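Read through the structures below before going on.
One chain, subunit A, links the two complexes that follow: it is found with subunit B in the first and with subunit C in the second.
Let's look at the complex of A and B:
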């Protein structure tokens, strides 16, 4: 009896597939298998779930099929650690035999996957939301594609904005001492120093630092503003202790500083951020109809309570990655033979229409696209959001600097870039 | 004290010189030469004060932990969960009633009750089985962490500082002298000073209870020899429950304090469990004075490290722990087991 039931269950998908095949003769081709690497455990678990929602939106819009081939997805859950991401990627490729991978979610996972990509030249990896510079700047893999801008590009425009519009020229910086902190800071600093700004002091604090008492005490008070390159609860702890010390200063927010995890936290600390300029890949209140349409689709696609108020950076990134894959598959009519060469060429030459605007890839297969400068603003109901103040289009990996000049600045680190030298050349 | 001076005159002299030099660093305005080497005095004093106040927070968490371990020999790895739970409940109380002070008794009672349940339902059934207790408490901490995630979600909470504690205060410590001869005094967050004062009062009260009262005598006897105490016909189980409830209540209160000058979010439970472990390893298992000393040293190490060597500040705490384990495995104030 039990066996019979199980057989029935097993047969069900085959029947459904048969029905689909009857409707469309093209669907007889084998289904396309996409492996999705996404973080579903640890600090980025909620972000990973939102990434999956973005992916689902893109697939739904395509009716879960492309060029007559049905699309199946296999999820490889990670916990944001590169070794776990690598193990899951291997499992997806070797055991589940997926055609290509969309993912991963976080920075160091991306670097691990870039190296793994080189060992599987006949498969393709389309980056999810990981945004480390190194992934597509140093020794990039020919079959690794990234359709979102990365942490260094996100600094674009912010530096110039604070110098020109706010008149803040002398600043001190407090940022997290790890790769994303360095990279995101460098993007801002290049822009800021070229616009004539001066960084008088840089503080680097370890990731996960909960007590900033002694850093707050060292902050100089003869500067125009303080750049904060912190994220998550580190950022909240800093603001909280900064307020308790009774100080008041203008802030400039890194890309992780003014996102919804901090803006929607409970307590008074977030209020210190009102009026803070920040920049990043998306802006919640972007008036562009493409973005508004995406936000509407996201809100209608998932019941309230099972989604965020507005799509996060992660949902947007996975949506864009899936859209890129679908567009390229369409271009090659679902044909992945010959070691996916045609598919990879199609990806490399895409000009993709995304909710953010047109995105294309450079010779390292890294996105050239828009970056948004916003200001943290309070709504009438007390909620904080990022009000878009500027949009910078076609930001590339070197922020418009010639590649040799960019390389001469050095890789992201505590002492790069040299502000005085940039100021002279800019 | 006099015995030590007579036995070790040179060491005494060295300690006296160090203490005097430190007192001079804290109290006197610095001459330019010192500022050149150490940076501004304001920064040095803030690092010291931040270290001491952070130590006060660690002491609140770790004293309950060490008391429970000393008496019952069980390592309660769910102690960090009690801290975080206390913080969340404290936030709810303070948010709804608008009274920060009211949160303390309520949280103390609730977490103490949870402690009593834990002792009755879990620990009493597996007395003396350390491995089982450890595994069960790890399991409990995971369950509690997920329950808290389900209720309060992944975002961060800060408990609002009440008005009478917000903002900075001037301390009678001179940081610099203005050219016109005025002294510049150190400004420091008021709430941290008050929490330090409260921790000191609490520490002294605990020391008095343990060393000067009958219940303290029972606890000390229990720490030394549980079986003998039980054999003397004393209500050893009642003492256990009381101590467990008190330790759990302290962890809950520490959650409010932590939520006020840091923040509450998933993961803080394990961070504070780790901090308590380091504190009691440095200070010595089962000793209140040890917990105070350990918390002070760990807090100072963290903050001075962050100020003067931020790159390596993460490792200092663990170097300290390794050093203590290597040279004095029972901890600074601990007795050999």
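Let's look at the complex of A and C:
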């Protein structure tokens, strides 16, 4: 109430001076509220905490203020279920009255938030680390922005790399039967099939499957490699059972397959991964000084034992989201009036310098940015790490395919894409 | 039917004997003042509560309350602790999404509301009754186990099945129909819609509990063998109780999918199933108002736990701890829920000596 009357008082003489001038002294007084939607319970709890560390890193660098406005954060914790994310988002917007939301963390939460965003056109959602294709490809919301590449984009380059550099042309695939598994596989498969590869058999296993016996028994012997689109304990279980069956084969890893949770696990399973090419949004050993600087800031910013050895994908994503928000706020001098239209325009036209390289948005407000192909390598001390072997810049949502051609492939699912058709056209 | 008719005559006779032989007051005068007060506050809520409180806190409390009420009916009056109620609600929600319009156009049929609404309620009720038919042959812990097993099977089935349930992704953009030119998803209309449904379900349970069927069910709860000896069909009564409870749960499920705008396997996953049990137990299983009190406590705790933690200068990532401690305290201090606390407080007040005469009543 008070704020309204004050604005009227200030606005009266400002008619002559111009409306923007009247708003800025007022804007400086009020702190800026950011709602942070992040998963802090369930299987992604540790990832969510790392996401918060990434966000904190970006805010600290800005001194917790932007354009003269102090920044306050309100955390909305979720457990990776879309309905919980939706409830927390509503609380942040309606009860805590935040100016915009950074988040959420996981794919299906992102899709739920895309639909929620359409009901609050005067607020903005900047995606955290959720990486489902549908969020920015099907019926996207005009006020939902994603500055990280998504699961399908992460497949870019890997398929061509295994065909050209490894000479693997016939493969079978084993991947998790849910949206991320389908999407990440599709990104790889588009690239692989266009480079002339052939997928002879696809196995889809439920998330959280403990027994891979029947899949291992059915895997064909006459292939060059097996693509593994599994993650976490599923990946370790599969590798253990595969080795126990006495088999040995080249592997190709999906984006969740060769991350540090698996590479630093105990037992012999991880050794089977040595030499496995993978691809993803980040590469731990990226020599780019921007990335190295980010890793140093992360390590210095948090005491050992309260962080990972190096920033995870989640810390990187929330860091980038916060940096995008700060850059756009800077561009509009902290002014979020007029239904945040200026802020949203600034976000859409941003060319953001990130630890990964320059990132810009397409017309669906989805990131166009770099993707990294790595190979699992053993250090002298026995530890495994991802050695970066290739960097692909400016990967867009359709992996460079014309939009109509990409749409014709169908949405991610068990049977998309059709490899033979892609091979002929590629 | 024959069972019901017989019960009515015998119970009506006993009921008359117990009642005051004087002139009966009109029905509205027999409703206690407290109910009028709560009713008035709830009806005028939009005048002083913001949209978040209306839609999220109360809307969600009414929905969870309705689903927990169906469990309360089975557990409190029938002595059967069923964990299938959330699944019945989930199935009703799925049916609305599959038969009606949604964002998943390749599966949703997009029928009109007057087709999908009755079909959704009927399918969910049929499912709940079928599960009940299986479960009534077991007692105690085995009822819990068999219903929990079916609930988890439903969760895994919906997560794996892409042709009907759209697997992991479920359905998004499920909106209530624009009836009478009202957008029912707006906070105020949705508040009244869920309030009306909750009041109807509450009234239905109160009515059924006093009707011959409900009294026979409570008799079966207390001594099934004796009721069987008296000529009651114990199994039929129990199955019918499941059928009635399933209708309530299905109503809750339809409202839930409209409120969330989406449904996915996690909506009726194991944590959600347990939540309903916790809500019913915390509120109290003895009276139908219990589940609504439990639901309100659950919603307030789970909405504001992060703020409580931050207020004490703690990290918000331990928010489940507050929710858990709250429930632990409720169950520890009052095994029969919040309602039990209230009853004991009333009993103690009644025992207090009269301030004028000093006599203990």
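One rule holds in what follows: the second predicted complex is superposed on the first by the 398 of 426 C-alpha atoms of A that agree within 3 Å, B and C clash if a C-alpha of one lies under 4 Å from a C-alpha of the other, contacts with A are read in each partner's own complex, and residues count from 1 in each chain.
Following the convention adopted for this analysis, a contact is a pair of C-beta atoms (placed from the backbone, for glycine too) under 8 Å apart; a residue touches a chain by one contact, two chains touch by 3 or more.
Model, not experiment: these values are computed from the prediction.
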| item | value |
| --- | --- |
| Which superposed partner A:49 touches (first subunit B, second subunit C, both, neither) | second |
| Partner chain(s) touched by A:76 [first = subunit B, second = subunit C, both, neither] | second |
| Touched partner set for A:206, first subunit B, second subunit C, both or neither | both |
| Which of subunit B and subunit C A:261 touches, first, second, both or neither | first |
| Partner chain in contact with A:396 - subunit B first, subunit C second, else both or neither | neither |
| Contacts of A:177 with subunit B and subunit C, given as first, second, both or neither | both |
| First (subunit B), second (subunit C), both or neither touched by A:106 | neither |
| Footprint overlap on subunit A, comparing subunit B with subunit C | 45, 177, 206 |
| Subunit A - residues contacting subunit C, complex | 40-41, 45, 48-49, 52, 75-77, 79, 81-83, 86-87, 90-91, 94-95, 108, 111-112, 115-116, 134, 139, 177-179, 206-207, 413-414 |
| Residues of subunit A touching subunit B in the complex | 43, 45-46, 177, 203-206, 208-211, 213-218, 232-233, 236-237, 240-241, 243-246, 261-262, 264-269 |
| Contact footprint of subunit A on subunit B as seen in their complex | 39, 42-43, 45-47, 49-51, 53-54, 91, 95, 154-161, 166-168, 187-192, 261-263, 265-268, 271, 302-304, 306-307, 310-311, 313-314 |
| List of subunit C residues in touch with subunit A within their complex | 50-53, 55-56, 60, 103, 156, 159-160, 162, 167-170, 172-173, 260-264, 266-267, 269, 271, 303, 306, 310, 316-317, 319-320 |
